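These notes open a run of structures that come right after.
Next come two complexes, and both contain subunit A; in the first it sits with subunit B, in the second with subunit C.
Up next is the complex of A and B:
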């Protein structure tokens, strides 16, 4: 069981910052689906929880100034139900669909998933290939940080004690396709053993095509393999190329052997196979040969 | 099989063709609307809360415990350590365990101290302040390792333990039990056989994962009188065990059990009750509540299964099994009582549903630094069927013949002698019919065309199960007519979600020929006034409880007849009972209604004829014996349920992911009392066992720490895992002579063959052979890769 804690639920940003300024060790509570586990495991000091669910500033999915903005409190279910996300940012939709179970999806938030910064976080790899940005708000104003800089290490993001994640911004491209695939031990309610996001900009124009690949649950943070992205961009993707791509992906990761979810050899094989599956579904693989 | 009683002729030859069917389960509305009360919901004035400090180590000496800081927390009523209760021994069968560890801890999760406080938070805070100095000892977490000479020894002085009965231990080792079965002679059978196949199979530890973690509340009036509410399947058994531990009369202990949020065997012996009873005795006059958290339920109660099975099978070229040598290493965890009889059950069921003339079985119960193992749905049978039913397919593969042929040539049939030396009779059920049914269904199911990525497989397993129980394991029922002619019924089985009360009410209604709504059944149990029942285990409650209900029904009808005979002024033999009425056999127009006589018949002047009708029914499975110490044989199985199971699945060759399309069970239930409940039992059991087949495994570090005592990393099937699965259940009805209306046990049976059927289906799909459970995606993929079937 967890220990007792003080609970606050500010209604305005001013109230929020008053609380965070005074309490360095306060934990921000959004959906709570990660935090509750941390409380039970007693891995987090938690004398005070600040529930931000009453702050409307952090809600909603909207298109704005050429990008899509998702408030940090957007639930996974809302992402799953969003037409624009399903059609335009498909990898994100895939991640939402495979996230936890329905009850968890109703409760958990995109912001919480990112700030928790677990190596296998469902939204890690989609946001990395989508070149997302984190909108962070504090008493001194707003900062916008590229996701790969915001996401610093295991359970570590670029947030000062008195800052909170306000939203995620996704740049808009006219021609963009993406998929996310993950494996888990059971089909419902499980963490990812390994996950891969593949994105292509201008997919139909082979010469201009830009391919991005990020892998999750294989390193301390979501990992983009730039070498493989270069190999796959601007060329026909043949089976021959795919063989060496899979080899490179496999060689580029060194998952920890103590994982209860899968051994390194399996993850090393799966990053390639999931990538192949995504390329196939995105119509990027050359037929025949 | 021994012919025992002629209960088909029970109730004057009536064989109920139709038993009244309820429209819904008795407990359904209460549970779905949140009105049903569980132990965790109960609260009493002034109630204290207990929080337990548990060992973080698998094996360690306790050098010192410092409670000085913990005592300073306000609201703390008592802090109890092992030394305070060192005189208490939990002796279910073997007195090897104490409620709180005294000098040494033998598993992660073993109680080391307890704090009682007026508030759970305070108790938890105090627990965190207790300082324990441990001296870590080498640990062993595998049964075969624990039998090696250089293994750490858990119990140095086994010979000093008190025991109830023989347990065949070896002092100075970790072996606390050795069950031997000898049938026929193996001699030169292995030399003469066309094929000798040796394989080793592992079924690891799992957890019961009941949705309701264990909970109990205790209250001592004085030091020799107590009452306890517990989430137990066995209130009377808890009473027996506590009475033994405190050396007080069982009559001075009252144990109450209401609804359980699942049991599956994990609440069937004693788990937290001796601990709570021991610590609450320090605060007489106060209620003390102990409820486990989820992580604690994994390590602080009992765990499940855990067996390595080695088979050496001699076979003729036709597939006939000529003889078999079996070794079973049962990983029982740190204490032996709760798995002692599972070792025996696994031993004598290792033949599977086959007639094997020559058998040598050695089953060892072995101490390891894991939490103690207890009963779990299937009780030794799934472990040995995993081995045996895989072995059958492996034999068929070696011989190049259809596994169905190997099964059918060896199946038990009327006239066969089983491993226990019992003769199988027609009335034991249609095993061959069940096997044929599943084979037929597997044949009928059309598979989609295979693709580059997707392959399909079908697999089956034949199965049998018998309950294992004390030879005096009674079930009882009380039946009392009310003045309105309605009936109050009580039976000894605990309602843990299996629907036993619904079914028992049907049995009574069938026997009395009363409409269901005229029978009110008591849904909770209190040992001071409920009919006695040994334990709610072994799929025996509908069967034994049903027989007890029918015994009460018969006695009640006899009393009704006696009352009517007094009114008619005839001999009781001249009165008949039918359709809720009593009449003269010589003059069927002379009728009395049940209502008129059930409270005694009162004449106009107030003169009472007869007595209010109240009956007590009992049932004890007849003629049971312990197994013979040398041959392991005897009448240790009161009834058998035979069946077969099948699985259709597909495998993604790129990932090893398995999708299960069909789960099939055909079972000879004898008589289906409630078709909906019976089907649901089988479906639930199949899905639960699918977890054992595919994902469930407790993982230990070398030092004995359990690494996945949570739902993050102990994965049980979810609805999504069976969303595409068609559940198929087929019942045969060969009446069981000693079952109510011919019914026999079915509740656990859906678990028995599923893992093996999954293993056989995977072999069918990919031609790879898996020997160790669970068969998770990664294992399938790595085996495929090893087999060179696939280029990564």
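Up next is the complex of A and C:
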């Protein structure tokens, strides 16, 4: 049995906000693959769960006014199966594929992954390089927040007690490629030791090309190294450049030594390798040098 | 306590459950369907896998109240009236069962796989089994059983 709690499943937004307004202690339940674990281990203070799965507002992947909207209740399996995500937002597809196992992907949601705000969250770095925004809804209306501002700290996001994450918005660029790579102790169901997302806008046009790199499980929240991004943008990426990029990436992070999964030195050594792997797959590395 | 309407193995039930009861506990304790097992209770081992509206899920990480108005299939729902079904027979033929604790979860995962496609690739099979642990480590035999079944 889980820790005792009350359970409500509102059918309308009005019912939802009535509940959240009156109960500051309430916790939103989406897929439950994180939350129910905590309730079983009795490590969470929540005495009331509000299940939002009966609300249609938070479902579905749809194109809207130049961006892609993923409802917060979109399951990881739905992301994995989406053609537009696989083709246009490939880093998200990579993250979905390496997430948990099939049964977990059937329940776990993108919203839960984001709001939980674990430092190594699978979708952290892909959403960061894709310039995603969080669509937050409350009794007073909707707020749209850049994803890196939505993450405030470990396990802490910019949500008031009566607000709910409704969706993730992804801007659309005609020419955009991206990949996400991670290392884990076993090839299967395990959390990431370290993860890297690389994105390039206008990848075939070297002068105009813009490269973005985000690292996960290396700091309290996903981290982008703007200096390295500038070094890689608008130029041919040679092996020589790559050597100094890997050094700079490694120097820019200070992973905590209390990590359960790897020592800081290992993470520092691996971020460059994962970056190289992604650059290679995206065809961004110059050959024969 | 909360009242739920749920269809389990094609039979309809109206049950009164506490909100903090898992779907797995409901199946085992309220309906006496003890085929689904609790291994880790953390969603990691796969022994509690059931089909929830046709898709495989970890019943230890689903609340009974979340299954209101849903359809659930357990290992008991796969057997024919006269005994086993083809997946179970394939497991028996290949000695893919040792202690048997993980077997119901594996069989449900294979059923879900075959519901998705009748011609799964090696990748499909590995993905379907990826979240299932066998403490006797009989993975080779399990994989072989499925390969033979789909050939």
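Keep in mind that, in the parts below, the second predicted complex is superposed on the first by the 286 of 289 C-alpha atoms of A that agree within 3 Å, B and C clash if a C-alpha of one lies under 4 Å from a C-alpha of the other, contacts with A are read in each partner's own complex, and residues count from 1 in each chain.
One rule holds in what follows: contacts are C-beta pairs under 8 Å (C-beta built on N, C-alpha and C of every residue); 3 or more make two chains touch, one makes a residue touch a chain.
Computed from a predicted structure; not experimentally measured.
Asker: Touching A:32, do we find subunit B (first), subunit C (second), both, or neither?
Answerer: Once the two structures are laid over each other on A, A:32 reaches subunit C alone.
Asker: Just checking: does A:154 make contact with subunit B only, subunit C only, both, or neither of them? Give me first, second, both or neither.
Answerer: Neither subunit B nor subunit C is touched by A:154.
Asker: Mind working out whether A:6 is in touch with subunit B, subunit C, both or neither, as first, second, both or neither?
Answerer: The second partner, subunit C, only.
Asker: Should A:51 be classified as contacting the first partner (subunit B), the second (subunit C), both, or neither?
Answerer: So A:51 only meets subunit C here.
Asker: Regarding the shared-chain residue A:189, is it in contact with subunit B (first), subunit C (second), both, or neither?
Answerer: A:189 contacts both subunit B and subunit C.
Asker: Can A:101 be said to touch subunit B (first), subunit C (second), both, or neither?
Answerer: both
Asker: Tell me which partner A:40 touches in the superposition: subunit B (first), subunit C (second), both or neither.
Answerer: both
Asker: Determine, under the contact definition given at the top, whether A:262 touches first (subunit B), second (subunit C), both, or neither.
Answerer: first
Asker: Residues on subunit A in contact with subunit B in one complex and with subunit C in the other?
Answerer: Touching subunit B in the first complex and subunit C in the second, residues 1, 3-4, 37, 40, 101, 188-189 of subunit A appear in both lists.
Asker: So in the complex, the part of subunit A that touches subunit C is made up of which residues?
Answerer: Against subunit C, subunit A makes touches at 1-7, 9, 29, 32-33, 36-37, 39-40, 49, 51, 53, 77, 100-104, 106-107, 188-189.
Asker: In their shared complex, at which residues does subunit C touch subunit A?
Answerer: 2, 18-22, 25, 41-44, 46, 49, 52, 55-58, 61-63, 65-66, 68, 109, 112, 127-128, 130-132
Asker: Write out the stretch or stretches of subunit B touching subunit A in their complex.
Answerer: These residues of subunit B touch subunit A: 51, 120-121, 124-125, 293, 295, 654-655, 657, 694-695, 699, 707-708, 711-713, 715-721, 723, 776-778, 781-782, 785, 792.
Asker: Where on subunit A is subunit B touching in the complex?
Answerer: The touching residues are 1, 3-4, 37, 40, 101, 183, 185-191, 193, 246, 250, 260-263, 265-266, 269-270, 272-274, 276-277.
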